[in-house]
Amino acid sequence: MPSAAGDKLWIIPDGYIPEISSGTLTSHESICVLNTASEDAHLEITIFFEDRDPIEGIAETVPGRRTRHIRTSGLKNNAGEAIPVGVPYAIEVKSDVPIIVQYSRLDSTQAENALMSVMAYPIK
Amino acid sequence: MPSAAGDKLWIIPDGYIPEISSGTLTSHESICVLNTASEDAHLEITIFFEDRDPIEGIAETVPGRRTRHIRTSGLKNNAGEAIPVGVPYAIEVKSDVPIIVQYSRLDSTQAENALMSVMAYPIK
Amino acid sequence: MPSAAGDKLWIIPDGYIPEISSGTLTSHESICVLNTASEDAHLEITIFFEDRDPIEGIAETVPGRRTRHIRTSGLKNNAGEAIPVGVPYAIEVKSDVPIIVQYSRLDSTQAENALMSVMAYPIK
Amino acid sequence: MPSAAGDKLWIIPDGYIPEISSGTLTSHESICVLNTASEDAHLEITIFFEDRDPIEGIAETVPGRRTRHIRTSGLKNNAGEAIPVGVPYAIEVKSDVPIIVQYSRLDSTQAENALMSVMAYPIK
């Protein structure tokens, strides 16, 4: 049977949704998750800011043996709170089964796009 | 005698083969592997998707004391299954001897290229 | 109660403040810190150079349950010492409570911007 | 007394010196090393290739309490062997005292530059 791999708590300190897009690509960020287990992974995402309390309780699911590349601009909790654009923030991803998390950003503020990517930091 | 270094299982959650190239460089991704041991490393690569079962059983070899920068667009299993372009996916690399794995992407969708790179995540 | 996560000592070997900006974005680097604990994190930052003694004793604070994306160009110790532009350097971040640290650079030396980001390296 | 931090063996699987530069910046790669100890760090660098034996015995020194951002294009062993441009390779950095190693690449093959950076992978 396929086995779970990775960790249950991951951190990305540098989150930022660019305000502007130009050229043919849209600026965006993705939280890329792999769930190697056979059961679903239930994520609970918290968003931290510089000058206000965190947005808590954002729920997402990654099915077993699947990846999901989740755009941060679509994240919302039950109260309808979403991440504002153009504001520095940080991301915590909790899961009930071990997963692996990578974060990537495409910035097309200027006509040609720029890319960055990091493996998220696992808390053991 | 040269000794093996690294781990036998590595994960890259954010895989994506860009559909478009422009300018002088072709968009591509590479799985960069170093085998410091004296014997060959036999890789078994699995590709995970968002909405379908994984592609399993892709075999590659990295000779002893060699590196290989493997383009993902050329990967194929015995059934001839390959990674489609323009689709989010994730990569698992298994090896019979310890190796070190890095993932890099060159995106030349727009006229000027963009680069990203991460060390893959080792599963202990 | 929210608990602290991460480590108390982080290293970034590749620091560099670009001298030039062009286009609509300013070249800059950020040390992005997340403090998941409820109490403040007091940072002590040291800057290492290739050909002179380190700048020591740069103090910054990250409040509890907050992130801060700290621009390196604004860092200064009590003696007023700051990081010169166009010079290779390295960064050590010490904290009294566990934090997570990521480093990102936006380079707009040329008209279109380039991005890079790494998770800092934790010293256990 | 300042204490050493990091590890003594680091791996970078994805090395590549771009053949072409355009615009105002030169394509290059750097191995960025921080030595937090008070004594010198003596590095021994090995370069691995896809289709030939490694180049061994490249020696560099990082003084105590200093960083060095070492361009790979200038590396040479006692036999005068250097890294060819336009060829995929991998890097091993050994040190007699613990250090921290990051790898960054600036690619200006096209008019606007692209950046990538990873923390090297420590072998414990």
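Each chain carries a letter (A, B, C and D) given by its place in the written order, and its residues are counted from 1.
Here is the rule we use: a residue touches a chain if its C-beta (ideal position, glycine included) is under 8 Å from a C-beta of that chain, and two chains touch if they have at least 3 such contacts.
Values in this document were obtained by computation on a predicted structure and should not be read as measured data.
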item: Residue-number overlap at the chain A/chain B interface, same or different (half cut); value: different
item: Taking each chain's C-alpha mean as its centre, the one farthest from chain B; value: C
item: C-alpha-based rotation, chain B on chain C, 0 to 180 degrees, nearest 5; value: 180
item: Rounded Å distance between chain B and chain C, as computed from the means of their C-alpha atoms; value: 31
item: Centre-of-Cα separation between chain D and chain B, whole angstrom; value: 22
item: Residue list for chain C, restricted to those that touch at least two other chains; value: 111-112, 114-119
item: Complex contacts: residues of chain A adjacent to chain C; value: 9, 11-14, 16, 48-51, 53-54, 88-90, 92, 105, 107, 109-112, 114-121, 123
item: Interfacial residue positions of chain B with respect to chain D in the complex; value: 5-6, 23-25, 30, 32-34, 36, 65-69, 100-102, 104, 106, 108, 111-119
